[in-house]
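First chain written, first letter: the chains are A, B, C and D, and each begins at residue 1.
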Amino acid sequence: MSESKPEKQTARLEAFSDGVFAIAITLLALELKVPHFTAEAGEPTSVALAKSLASQWPSYFSFVTSFFTVLIMWVHHHTIFRLVLRADAKLLFANGFLLMVVTVVPFPTAVVSEYLRTPAAPAACTLYAGTFVLIAIGFWLVLNAAFRRSTVDPNASEATLNRLRSSYRLGPPLYLLAAISAPFSPWLAMAICTGLWILWAVTTREC
Amino acid sequence: MSESKPEKQTARLEAFSDGVFAIAITLLALELKVPHFTAEAGEPTSVALAKSLASQWPSYFSFVTSFFTVLIMWVHHHTIFRLVLRADAKLLFANGFLLMVVTVVPFPTAVVSEYLRTPAAPAACTLYAGTFVLIAIGFWLVLNAAFRRSTVDPNASEATLNRLRSSYRLGPPLYLLAAISAPFSPWLAMAICTGLWILWAVTTREC
Amino acid sequence: MSESKPEKQTARLEAFSDGVFAIAITLLALELKVPHFTAEAGEPTSVALAKSLASQWPSYFSFVTSFFTVLIMWVHHHTIFRLVLRADAKLLFANGFLLMVVTVVPFPTAVVSEYLRTPAAPAACTLYAGTFVLIAIGFWLVLNAAFRRSTVDPNASEATLNRLRSSYRLGPPLYLLAAISAPFSPWLAMAICTGLWILWAVTTREC
Amino acid sequence: MSESKPEKQTARLEAFSDGVFAIAITLLALELKVPHFTAEAGEPTSVALAKSLASQWPSYFSFVTSFFTVLIMWVHHHTIFRLVLRADAKLLFANGFLLMVVTVVPFPTAVVSEYLRTPAAPAACTLYAGTFVLIAIGFWLVLNAAFRRSTVDPNASEATLNRLRSSYRLGPPLYLLAAISAPFSPWLAMAICTGLWILWAVTTREC
C-alpha cells in the first residue's frame, strides 16, 4: 500500500554497462595465443609445446590480474548504481568514459604479455598502470555524477555515500604510484596492481 | 487500480539491440594493436616501445571518436524506443539495418587508424564519414517506423515526437557534409565527426 | 484476481539465446578486413585504397546476407519461444545445437568472402549453404521440442502451432536446394540464400 | 498477501555470468580459420579448398566438444543459482574464478585444434583436460560458497542440495583422469571429455 520506494530508471544503463564489462572481461582471453613453430623446425614435440606454453607465463599473469581487476570494478559499479535512481547526461558521460577505458584493458594487457620479459618492460608496465589510473579517475567521475541530489536514491544514508566517496579517493593515487614506479621497476608496478585487486577483493563486503 | 499504461512489448527487441550496441562498442578496442618489432632489430627498448605506441595516435583518436559516437547512438536508440510499445516488421527491419551499420563501425575505424597519416587518408575518411551517413539514415528510418500509430505509445505527446523527428533530420546532411569534404580535407571530415558527437553529448538532456 | 496465465520459466534460456544471437551477428563484421599494401609498393594513394576496398565486395555481399539471415532467425526464435512456458533437456539441447550452428555462421561467411571470385567458389558456397541447411534442421528440431504438451503454452491455439510447424518445413529443403546447386552454380546458391532472407523478411508479420 | 518468498538479490550477478558464458561460447567459433593458400600455388580449386576444409576436422571436433561442455556448464550454473538468494564476497570470487576459466576455454580448444594430429598432441590434450579440471574445481568452489545458510534459499530442500553436492563431486576426479591419461593417450583424454558432456547432457533433467 505504502509503496514509498521511488522508481529506479537506470535498468537499461546498468544492463548496457554490465554487457560492456562482460564482453571486455571475456575478450581478455583472446590475448592468450596458440604457440606456433616455424615449418623448418619440423613437427613440434610435446616437450617443445609444453615449454612454449610455459614461456608465455607473462600472458597468464597479466590475464589473471586484468580479469580480477575488471571483475572487482564491475562489483564496484554495481555498488554505486544500486544507490542511483536516475541518470542524467553528466552521469551518462562519466559512465561512458569509464566504460571506454574498461574496454581498452585488453590492449595494455596484451602489451605487458608481450614485453614484460624484454628491456621494454618499463614502458609496457607504465601503459598498464596508466590505464588503471584512468579507470580510477573514471570511477571518481562516476561517483561524483551519481551521488548528486538529482540522481541518487533519497533513501541512501549519507554515511553510506560518504564511506563510498572516501574509499574511491584511494584508487587514483595508488594506481598513479604504480604508474610512476613502472619506469624504475616494472615488477613493483605489477605487484602494486596485483596487490590492489587482492586488497579490494578481500575488503568487498557486499555484491 | 486504474492501470491505464498499455503493455510494452519491445523488451526483447530492446535487449537484443542493447546487446549489439554493447558488443560493437567493445569490439572497437580490438583495433588497438600491440606494436611488433622485427627480430633482426634486436630486443626493443622502452623508448622504442613508447615511440611506437605514441605513433599509433590515429588509432586512439578514431577509437575515442567511434566509441562516443556509438555511445550517443545507443542513448538516442533508448530515447526513441522509450516511446514505442509494439514492433512490427517495418520497425524490425529498419532497426536491423541500423544495427548492421553499427556493427560495421569498427571496420572504417580501423581503416582510418591505418591510413589517416598516409596519402590514402581522403579515401579512408570518406569511408568513415560515409558509414555515419548510413547510420544517420538508419536512425531516420527507425524513427519513421517507430512513430506510427500502430507502434508508438499513445500517451506520447505529439510535441515530443515532433521534437525528436526534427532533431533526427539533422544527422544525414551533417554527416554527408563530412563525407563530401573528406576527399578535399580528411581532417575537416574527422573534425565534423568529432564535433557532432560532442554537440550531441552536450545537448543530451535525458538518458 | 484471475491470474490464469501460467508462469513462463524460460526467461534465462531466452536471454542466453539472445546473447548468443547478438554476439554472433556482431562478430560477422570482424570478417571485414582492412586492406594492406606491401611495403615495396610505397605508400598507398586514395585511389589504390578505394579500389582495394571496392574489390572486397564479396565480403560486403556475404556480410549483408549473413547479417539479415541471422536477424530473421532471431525473430523466428523469438516467435517460437513466445509460445513456450517450460524448457526441458530435449528443448535445451535442440536449442543448443541451433545456437552452435548460428555461432559458426561467421566462418562460412568468411570462406565465401575469400573464395567467391576464385575457382574454389563452388566449394565455398556449398559450405555456406550447407551451414544454413544445418540451421534449418536446428529450427525444425527446436520447433518439435518446443511444441510438446510438457513445454508449450496451453493457451497457444493449435492453428498457430500448425501454421508455424508448416512454415518451418520449408527451410531445410530450400537451403538443401541451394547447397546442391552450389557445385554447379555458386551464384545460384548465393541467390537462393539471398532470396530466402528477403522472402522471410517480407512475410514476417509479428516480431 | 502472504508473500513468503524472500527476495532474490542475485539477478545482476546471474545476468553478468550469463553474459560471460554467452560470449565465451560464441568466441569458440573464432578458432575456425579460413584456409589460405600460398600465392605461388596459383588460385585454389574447389577440390583443394574442400580438402583443406576437411583436414581441419580436429578444429570441428574440439569446437563441438567445447561448445556443448560450456553449454552444460551454463545449465549447471543456472541450476545452482536458482537456489541462491544472496551473493557475498566468497560466492562472488568463487564465481569469478569459474567465469575466468570458462573464458579461457577457447585457448586450449585452439591448441588442441592445431596440435591434435602432431607429435605434440599429448601436451595439447593435457592442457585441454587440465582446463576442465580447473572448471570442475571452480564449480565445486561455487557450490560450496552458494549453499551456505547466508546465501541459499531457505526453502530449498536439504535433499536437493545434497543431490547437487554429490553430483559435483564427480567432476574434478573425472577430468583429472582425462588430464592424467593425456600424456599416454591424447585420444583417450578427448574421449573422456566428450563422454562427460554427453553423460551430463543425457542426465540433465531440469534447465
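Going forward, contacts are C-beta pairs under 8 Å (C-beta built on N, C-alpha and C of every residue); 3 or more make two chains touch, one makes a residue touch a chain.
Given the structure is predicted, the values throughout are model-derived calculations rather than measurements.
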item	value
Chain whose mean Cα position lies farthest from subunit A	C
Numbering shared by both copies at the subunit C-subunit B contact, with half separating same from different	different
Euclidean distance of C-alpha centroids - subunit B vs subunit C, Å	24
Centre-of-Cα separation between subunit C and subunit A, whole angstrom	34
Residues of subunit C touching at least two other chains	15, 19, 23, 27, 30
Pairwise chain contacts under the document criterion	A-B, A-D, B-C, C-D
Subunit B to subunit A touching residues, read off their complex	14-15, 18-19, 21-23, 25-30, 32, 34-35, 43-50, 53, 64, 67-68, 71, 74-75, 78, 201-202, 204-207
Touching residues (chain side subunit B, partner subunit C) in the complex	12-13, 15-16, 19-20, 23-24, 27, 30, 87-89, 92-93, 96, 99-100, 103-104, 106-107, 110-111, 114-115, 118-124, 126-127, 183
